[in-house]
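Lettered A, B, C and D in written order, each chain numbered from 1.
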Amino acid sequence: MTLIQQAPLAAPRPRDDSPRDQAVLIVHGADRTGIVAAVGSVLSKHGANIVSLDQYSDNPHGGAFFQRTVFSLDGLKAALPEIENDLRTEMDRGFDLEFTLRDLSKPQRVAIFASKEDHCLLDLLWRHRRGELPISVSMVISNHTETADEVRSFGIPFFHVPSPAGPDKSAAEAQHLQLLRGNVDFVVLARYMQILSGRFIKELAVPIINIHHSFLPAFIGAGPYAKAKQRGVKLIGATAHYVTEDLDEGPIIEQDVVRVTHAETVADLQRRGADVERAVLSRAVRWHSEDRVIRHDNHTIVFA
Amino acid sequence: MTLIQQAPLAAPRPRDDSPRDQAVLIVHGADRTGIVAAVGSVLSKHGANIVSLDQYSDNPHGGAFFQRTVFSLDGLKAALPEIENDLRTEMDRGFDLEFTLRDLSKPQRVAIFASKEDHCLLDLLWRHRRGELPISVSMVISNHTETADEVRSFGIPFFHVPSPAGPDKSAAEAQHLQLLRGNVDFVVLARYMQILSGRFIKELAVPIINIHHSFLPAFIGAGPYAKAKQRGVKLIGATAHYVTEDLDEGPIIEQDVVRVTHAETVADLQRRGADVERAVLSRAVRWHSEDRVIRHDNHTIVFA
Amino acid sequence: MTLIQQAPLAAPRPRDDSPRDQAVLIVHGADRTGIVAAVGSVLSKHGANIVSLDQYSDNPHGGAFFQRTVFSLDGLKAALPEIENDLRTEMDRGFDLEFTLRDLSKPQRVAIFASKEDHCLLDLLWRHRRGELPISVSMVISNHTETADEVRSFGIPFFHVPSPAGPDKSAAEAQHLQLLRGNVDFVVLARYMQILSGRFIKELAVPIINIHHSFLPAFIGAGPYAKAKQRGVKLIGATAHYVTEDLDEGPIIEQDVVRVTHAETVADLQRRGADVERAVLSRAVRWHSEDRVIRHDNHTIVFA
Amino acid sequence: MTLIQQAPLAAPRPRDDSPRDQAVLIVHGADRTGIVAAVGSVLSKHGANIVSLDQYSDNPHGGAFFQRTVFSLDGLKAALPEIENDLRTEMDRGFDLEFTLRDLSKPQRVAIFASKEDHCLLDLLWRHRRGELPISVSMVISNHTETADEVRSFGIPFFHVPSPAGPDKSAAEAQHLQLLRGNVDFVVLARYMQILSGRFIKELAVPIINIHHSFLPAFIGAGPYAKAKQRGVKLIGATAHYVTEDLDEGPIIEQDVVRVTHAETVADLQRRGADVERAVLSRAVRWHSEDRVIRHDNHTIVFA
């Protein structure tokens, strides 16, 4: 039965605006006169057409500089190594900058971690199938089995890795690393509800995005909807952030809220909040997968 | 010069929908079968027509019950004492309820406390002049003089009560009490930026509404916009709440937020936040002045 | 294969707050003194406890009156006929009112019409499975087959009724009536994209809710996202409304919008709008299924 | 009396972030490879530091191109003519582009037209005094006298130009032109409520921004709140747009909405809408005055 259900109900639709022959270039480092011109010259020399350019400097007099450039070029794949070379040469001429260059036709590979709750997980899988997310979902990992059949109905591998009670998650994390290493470009915790060890985060060495079910920094930790009810807030929210060793303290990618009233129970808040969570997480995943989010100290620059 | 400027530039316009011959009845206490019928019968007996009725029970099986009823009645003023009597008789027949009854043609008297910042203060005065707030502004008290002329141009008394540095505010608070006692039904802190002592709150014995410049419980205390920038949040907000002895911990009346980006400075957040603050505070003041807010434990029931 | 996939992946979860022994009473008609007391007395006499009461009068001096009351009562089912009798007796004593009384433990039966687009359809089915919508989905009818397997995976019958080109839809509508008659309490058009004839609407004789992909009355008719792009609006929206003979002119139940920029293409607007559509439609369906929406002339009273 | 009241209550505060030695460069025209590099080179050659750069192309394969660049340069004023020369030389080398260059230390001069309603007018004057708007308010023109004293209390000239009934506004418009010609860089209609003739718009020859009290294109023309109530919409809005000969059809700069319910009267909608109007108009004025808005066909590119 499971085998048959693994046949996906529908294949992901091609995106109408799938970015063929487009690349994204992220440049960041110390701000200095001439960066935009230098980068522009390299791209112009190769005949690349700039599709979009976003730039931010946190202090025009010697602060940090961030630039995201999307460019299109016929025969991109062949030209990329040379463009990279020229950019490196240019950067070495006195700029204190780092850059990354990525072919946008290659979607980033993602693993989604989930628990029993399906709303964030299914929303991502459904948006992916609709062609809304430029990602390739490599696998879903869960400490429960409730969502297995549904995940497989999307044609995506599901792995059950139990997470035994108690603080020592090393056995489960070892299995996670075995599954993930080399296979994913980033990880999404879609209401996984388990704390990851600092060691795991370090060894995994790819970005991890979490959705927290409150407007951080309000209601850090467990049970935020009950805490929100207790405090009598008039808005509840959700926060997508990068995971760091400090629980709920990582750089925030996106947040949103919804209005609630005194008449709503904790169960109502959970239901209303679930809609905010899946909306916020899907935006964060889309922006990350399109290299729209740059981490800087404990902040994010989001070129949305 | 000051005398002439005290002549108001324009008198408050009469509200088109000013509630003549209308009263508001608040009933709250232990939920029990028959409350709605009992209240309805008393009003019906006096020929009162129910204009609006809001009801909330936090647990239909024996929780707390809250009802706000607005009714109209020709010759209201004369009938009110008898209605009050009948309600008391009805309540004494086995209901564990309290009620308040107020003639809506008599606006509540308010004192506004301000400091140097004018945005919340002017917004309230301007809305009052427009006829948007069913209040009578008895006075403005400030620990600074910057807003004196502008306040007086609205025809409203301005009192300057300096608040000397240091934790002991007793001299200033004694002056405040002298000005306020018997003269106001509630007090609004329109970015007053001074902590009130528990003793003052107790002796004043009228509700005090504060506007805090963050989405509570995030960023309690001073400098919330700087803290918000530091944490990298994507929304900033404001919270109107009743003042209690515990700083920023009183019952929340209203909150709202606005979206911000990485590119906005602390000064930008302050400017953007000021718009949220004045909107949130004016809603809280309007709802309070129309008896739409009921305090219960550390929460509010808001029949907006 | 299809047979196996028809086995639902998961049964709808019971709602934690499923309203056992609760009924909803809607009263509307000409406003008059004493209605609230009269209704309250009948309920009180039967020992019913009022869980929530919403009331609205469009003109306290002789306008139209609307009241929604939810009450709980042990042994509700047995008591309902007698309560109905007593209410009728009371209403006949000089009130010009109509009322409906419904046992909330019996979910309303719904048919969902869909076309190729799955976002509104799947959102409703998923929310239903989660226990968020107090409905029973009797069937899905589509003029296309794309969503058949997915619908059946929820355990719900799917019927394919082609809608041939041209204005004459009478053959298809005859099939629709055959499927629907006696089987549904209301119908939802989840981006069905076909115009229903006045005759069909009349013969079906149950409420029909449509989701229009614009903020009505802007962009009536086909292609609203293209029209929105052309006009250069800064917000796009969606509208859930009851279907009448006049296209996109029926009473509006719910609307919402989302901010867009010049940089977004028509395809972007469609993607962003799809999220608004499914949110708006699901709210409208929930409110309708809980008898929170009362039609009056071409308006709705929504006790949300 | 009036003379004394003309003394402004407070002078505009200097903006903390007033852009000294900064200029804004707008480039638009046919998209082509190399524009960003060419512009960047000119700026870099003069030692200018790019503070922010926004770029948009409506079609990377030969569409229209728009770029807004803010740069800082010590001794800007002296260098501007040469930069302009170099840019012109660069543009003449095969780019089909136009550009404008403006010293940001010189605020744009504005005339505000108002009628009896003061909410949009006062909001602009108050924001200007707070230092939120980089404009110089040259004058206020009104067809009524109600706001004269209040305007003059801000230290701003007020001119009363009656607008007689009937379609022929040529006498009033002649007076307007006499007052405005050579004195203003743009005009704001802050709920002026009079239609401008095509001839006046043409002769004035500066941009005119209007605030319309609905979410355009819904409810074009007079009485939009009454129309909104009639249609039963669940959101009401406001639209700031450039004025063209076609009433309410000009390019939209900004829009926003607020949620309303069946219980709100037309007067309520007007009150709620007034808050949206002043917020939307102030954003539009700020963006326009910072050269963030580019008109293209009947659209706007807004680099907010």
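Please note the rule applied: a residue touches a chain if its C-beta (ideal position, glycine included) is under 8 Å from a C-beta of that chain, and two chains touch if they have at least 3 such contacts.
None of the values given here were measured: they were computed from a predicted structure.
Of the two chain pairs examined here, A-C and C-D, the one linked by more C-beta pairs in contact is C-D. Two copies of one sequence, subunit A and subunit D, touch each other mainly through matching residues, since over half of the numbers at the interface are common to both.
Relative orientation of subunit B with respect to subunit C corresponds to a rotation of 180°, obtained by superposing CA atoms and rounded to a multiple of 5. Centroid distances from subunit A, each centroid being the mean of CA atoms, peak for B. Taking each chain's centre as the mean of its C-alpha atoms, subunit A lies 36 Å from subunit C. Taking each chain's centre as the average of its CA atoms, subunit C and subunit D sit 43 Å apart.
Of all residues in subunit D, those touching 2 or more other chains are 52, 56, 263, listed in ascending order. The touching residues of subunit D, when paired with subunit A in their complex, are 31, 33-41, 43-44, 47-57, 60-61, 72.
Residues 56, 215-219, 231-235, 237, 251-257, 261-263, 298-302 of subunit A touch subunit B in their complex. Contact residues of subunit A toward subunit C in the complex are 1, 4-5, 7, 9-10, 16-17, 52, 119, 122, 126, 130, 132, 146, 149-150, 153, 263, 265, 267, 271, 275, 279.
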